[in-house]
Amino acid sequence: MASTGYPPTQPGADPLNLWGNAREGSEVPTELQSRPQPADRRRASGDAPAVAVERVSRTYHGEGGTTVRALADVSLHATGGELLAVVGPSGCGKSTLLELICGLQQPDSGRVACAPAVLMPQRDLLLPWLSALDNAALALRIARVPRARARAQASALFDELGLDGFQQARPHELSGGMRQRVAFARTLLSGKSLLCLDEPFGALDAITRGEMQEWLARTLAAQPRTTRPTASTALSRTVVLVTHDVEEAILLADRVAVLSRRPGRVVAELAVEIAHPRSRTDPEVLALRERALSALGAGEPL
Amino acid sequence: GSAQNVVSPPSAKRFTVMLDWFPNADHAPLYAAIAHGYFRAVGLDVEPVVPAETAEPLKLLAAGKVDMAISYEPEVLLARDEGLKVVSIGALVQRPLTSIIALGEQRISSVAQLAGKTVGTAGIPYQTAMLHTTLQHAGVSPARVKEVNVGFNLVPAMLSGKVAATLGGYWNYEAVQLRLMHKHPLVIPVNEAGVPTYDELVLVVRENEARADGQDLRAFMQALTRGEHAVRAAPAAAAKLIVKANPSAEERLQLESIEQTLPAAQPADASDPYGWQEPTAWATFANWMYSHGLLVHNPNGGLPPFTNEFLPGQGI
Amino acid sequence: MNAARDAFAGRDAFAGRDAFAGRVRAFLPAMLLAGALAGAWELYADFSGVQQDLLPAPHAVASALWSNGGSVWRNFTVTAEQVLLGLALALACGSALAIAIHLFPLLRRAVYPLAVGSQAVPIPVIGVLLVFWWGFGIFPKLVVIALICFFPIVVSTVDGLAAVDPEQPKLLRTLDASRWQAFRFAELPAALPAALSGARIALAVGVIGAFIAETSTPSSAAYSGLGREIIDNISSGFQTPRAYAATVVLFAFAVACFYALALAERVLVPWHARRRGATA
Amino acid sequence: MNAARDAFAGRDAFAGRDAFAGRVRAFLPAMLLAGALAGAWELYADFSGVQQDLLPAPHAVASALWSNGGSVWRNFTVTAEQVLLGLALALACGSALAIAIHLFPLLRRAVYPLAVGSQAVPIPVIGVLLVFWWGFGIFPKLVVIALICFFPIVVSTVDGLAAVDPEQPKLLRTLDASRWQAFRFAELPAALPAALSGARIALAVGVIGAFIAETSTPSSAAYSGLGREIIDNISSGFQTPRAYAATVVLFAFAVACFYALALAERVLVPWHARRRGATA
Amino acid sequence: MASTGYPPTQPGADPLNLWGNAREGSEVPTELQSRPQPADRRRASGDAPAVAVERVSRTYHGEGGTTVRALADVSLHATGGELLAVVGPSGCGKSTLLELICGLQQPDSGRVACAPAVLMPQRDLLLPWLSALDNAALALRIARVPRARARAQASALFDELGLDGFQQARPHELSGGMRQRVAFARTLLSGKSLLCLDEPFGALDAITRGEMQEWLARTLAAQPRTTRPTASTALSRTVVLVTHDVEEAILLADRVAVLSRRPGRVVAELAVEIAHPRSRTDPEVLALRERALSALGAGEPL
């Protein structure tokens, strides 16, 4: 870790200080390298995009010699502190896109340059041998935070996410939605400046999901927005949210990118200029939702 | 080992002797000498070591890991043929012990009757040669006998009835076992079946040390001789010593075996000292091995593979 | 479907039996079977006309065990010490090598084949050499045992480490885990169960190893292990019952160690042990 | 993090090398290392003053191999046949037993401990008995090898079968799968990789087994295997170089078989082999 | 299988004949045993409930000695051919309920009596060593349908579910939503008379999900409803649909059961008497949705 020159944030006593601390902001690089490795990433500075995906294509070569074009010529940008939602038909390459942003895959063509990103994968990859609490605290343990402090911070987050009482449960003792929330907590605690969330609330019922959404909105709203001056912008947290729930996208995002069917192309980018907190019954929201849905529906039928 | 029983004077010099096989009746004089402190008396702290297999003693002797090895005359000749600088300084047993053994139930009374039968050996080349010699001596073509390599399981092989006879067992050990088991074995020592006689068990040391400090060796032989007298005087006590050294040895067998071996430990000519090695016999046997292609170099040249100069009353 | 239900129930029972009493009950079938086999053996030995010296009857073995209890016990302590120390040595070297091989693919390609081949080297070939280097003490024997034991540990551990869900390392990478941390948090725990089967195999092989070690290196002690006692009694033909008595002790020893390791597994990889029982 | 990237890359390379050329390249490091070791050995043997008959120098071994090529080769064919047949026997019995143990928990409790103990029985003890029953042919030797090999297979397979995701059987149950189908569709494929590591271990143990088999059962043939050749050259006369020559052949044989099995794995459990390389 | 006396349906040439064949209906038992095992189940006959869950409680005893009351005194019934939706907060025991219905768990108290049920688990448990197609055809293979026929039937369903072209892909080559659809196909092809679906469309985007919902509604609508005479009712397919999407519940279900927070209790059972096809914008639907949501929201906050 120490060798990487990018120590992840170690949140202070306040477990909800989720967007890094000053130490991190202090090292602001001047430009982004293309095709960066997680190791040598530097976080985006100022208005420089925290996410810069330019004309990226990705084709998988399946085992049976079959090739699958997942992404075709996709360009996406997100500035520091922005919440970019990505919606698209199943199998259009959303997860692939996130893996590209996190540097877990390399594009066949095009250019990816992003701040150090943490991925919340679609499958919660909880470690069966760790308790729910230790799973959530994994990032902190990796950042060499003493176990006791790491657990304290994770535990505080458990209350917030309605997991109180299940700190000691093993993953297989948790319900689907609870597992997903543990994975969510793990992601938040990583203290990275760029969060890539792959359907973070997919397994949650309407109510719990609503609560989570509000909670996330609140948390992000509490942090400095992009309008702030550069230096402190470095402190703001960028989110790329992949979701299959258009409503969710509208409620949370600053911008919504709609992908076409495989091979994924950006067919629409909707800016959401609605003040928080937003209500699902708000006509503006409903209108945008319909626009997004129609954009989604566009393209040949199944 | 037993050596620890006597408190050693600080002067006593550590002297490791690697046996040819696990402790048995053949080693009675050694253990007697240790138990009675004869070696101490001459300033030697003798420790016997049990080998894993039969060529090990000479190898480790030549490698300087032990001070003396108990081995077989044929092995000594082979070792020297291979260039190992070792020399035999005394015979523990004056005659071949290796015998052709057949169970009574096999109804065999002579080597000739082995024709067309299966014979088990330990897979040692010179024993195979012995088998062939005895067969030819009995007028049987070796081709008519099927040799089976049974490793060290000579007795079990016979008991299993899969072999008519074995060559490699000792007339003072396996034969005695079988007799005690009422198997009425037929026993023919190889030297009574056409193989030139040789010293079955010999005490071997490194040549350079035999040249340099003969003092210890002479002292060793003296103590060993006294040990042999002690065994002769009280075979039962000696048997107990063996069992003590080797808990898996059976006392009744050891005693029987000791008594059978005692005569073979004496030189044919009573005027010769204990441990005497007969030069002519050695020469004859070496030539037999050479003629059977067991030795590469002609044994008649060069230094003799043995010396009697450390025997009581010899040399100097 | 009955078979199915029994089986599932059975697995529960297997996982559930944590009480000591339960564990004893768990061994009942084995003991009954062993008893039955011993009975058959007795009958065969007594009435098939095979000689004592080839196959002694259980009662003969028992009496041999009784009458030589002392020496058998002393030899047992020698062997047990060798096996356990040798196994410990093998575990240390084996898992270290496995981890190194896993972390450094070059090492895998360079060392693995040689490790494989090393298993083909017959101990008697190097026995003398070991003695030449380390003398008549216990150490050469430990080396022999370790040499024979370490391989199962290496193979199982390496394979266990490679079997981790490939998505896990991805996740850990985005959490900025170093290679070592990815190993420590994801791969090592995932590999533990496999490593432990390796250890169990190594144990069984280790008993064989002790026998080989004792019979292929010289020794100066009067009590130099069950292996030596067995080989002496075998090659001096008619003491087969004593050889069998020593063998029975080795047998019991191996079984005891094996289940001791099984207990260790319950402690080391609880999630796994429990998962086993988690079905139905 | 460089280490990390290298490692990930390395795993790719490992998984990716399917071309033959690639495979040869993959063995280069091992060959270089082997060469280096041989060199060191040569120097040690030549200049440390250790005698030929304790540790012959590589060149002496090579010449011994050259001059006795014929007999070594004949003995090799004998041993190779024994190892492969014995291994096949062990695979058949071992996996059958493992499956039975897995499907019938009672059997697990009854037979497993005895299987464990069986490993502790020194072959020389029963060697004579085997000959008494089956004579001097190859069969007793196969039995010995199988006896020594089957255990690793049983342990790995049983553990592999127990390690299946416990949710899977649930699913299959609701699909009305019989116990046997649940086994065939879910548990068996999941256990294959573990079973194959077991087989690889068994192979290595099998070479040891062949040596034990040859040296502890009588044989009447002129060429009765490398093990016999080795022990004869060790235990009488001073043919150590020849013993080492035979050992070198055994060594190569073991390595070859091991990687043959690795290839078999790629064919039998492609999803697994591929997953290995799927990271990063 | 043959021994169980309950051979699962072997769909005919038409891959969408998903609700069993006459042979199955011919054996109609008279009563249900309590705590039945999958083996000796008999399907519900006539108006006898296909699902009868009576005053069932289930408590888990966690590893740390902690006990979790998942279900408390839950009673649910569904008659043959009915589609019962179950909604409830995350962790309230929905998956537990389904496992009880499928006989994979036994209740601590109460009585469960159901027709032979097939479970679509929350985690798609696809077998990594089988192709997507073979995973879908698993039930058929288990029912000893010849491989070729099984594959043909599964393949036809693949088109329907928009998975065409991925028949030969291994599960790890599929996207989350595709995996879920494969699991869905596997469940449908089991030919059981009672389907327990645990969030079948959880990982699907709005559009695909809409298509799936329509498709399912169509399929079920095409089958005889409970109003039909007994004998043929035996042919009808019962569905217990666990979902976190209230809208989905309203659109598909005949009745919606709303569970409370853990321990799960039935706080409301809404009958949905709206004719198919239903539209999400239909005021009736919206009204019911609000009622369901309020029922959900009831109970102490997180």
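Annotations for the structure displayed:
As written, the chain order gives the labels A, B, C, D and E, with residue 1 at the start of each chain.
Operating definition for what follows: a contact is a pair of C-beta atoms (placed from the backbone, for glycine too) under 8 Å apart; a residue touches a chain by one contact, two chains touch by 3 or more.
Model, not experiment: these values are computed from the prediction.
Shared contact partners of chain B and chain D, listed by label: C.
Centroid distances from chain A, each centroid being the mean of CA atoms, peak for B. Between the chains C-D lie more C-beta contact pairs than between any other two chains. Chain A and chain B have Cα centroids lying 85 Å from one another.
Between chain D and chain E, the centres computed from C-alpha atoms are 49 Å apart.
One finds 32 Å separating the Cα centroids of chain A and chain E. Within chain A, contacts with two or more other chains are made by residues 3-4, 38, 63, 104, 123, 170, 172. Across the assembly, chain C contributes 1, 4, 54, 124, 128, 132, 166, 170, 173, 177-178, 234, 275, 278, 280 as residues in contact with two or more other chains. Shared interface positions of chain B, defined as residues touching 2 or more other chains, are 53, 59, 63, 153, 156, 159-160.
Interface residues of chain D facing chain B in the complex, by the touch rule stated above, are 50-51, 53-54, 124, 127-128, 131-132, 135-136, 215-216, 218-220, 224, 228, 231-232, 234-238. Across the complex, chain C is touched by residues 1, 3-4, 7-8, 10-11, 13-14, 26-30, 32-34, 37, 50, 54-55, 103-106, 108-114, 116-122, 124-125, 128-129, 132, 148, 151-152, 155-156, 159, 162-163, 166, 169-170, 173, 176-180, 182, 193-194, 197-198, 200-201, 204-205, 207-208, 211-212, 215, 227, 230-231, 234-235, 243-244, 247, 250-255, 258-259, 272, 275-276, 278-280 of chain D. Across the interface of their complex, chain D is touched by residues 1, 3-4, 6, 8, 38, 99, 102, 104, 116-119, 121, 123, 125, 127-129, 138-139, 141-143, 170, 172, 186, 190, 192, 196 of chain E.
Per the touch definition, chain B reaches chain D in the complex via residues 53-55, 58-59, 62-63, 75, 78-79, 82, 84, 118, 120, 123-126, 146-151, 153, 156-157, 159-163.
Against chain A, in their complex, chain C makes its touches with residues 165, 167-168, 170-178, 181, 185-186, 189-190, 269, 271, 275, 278.
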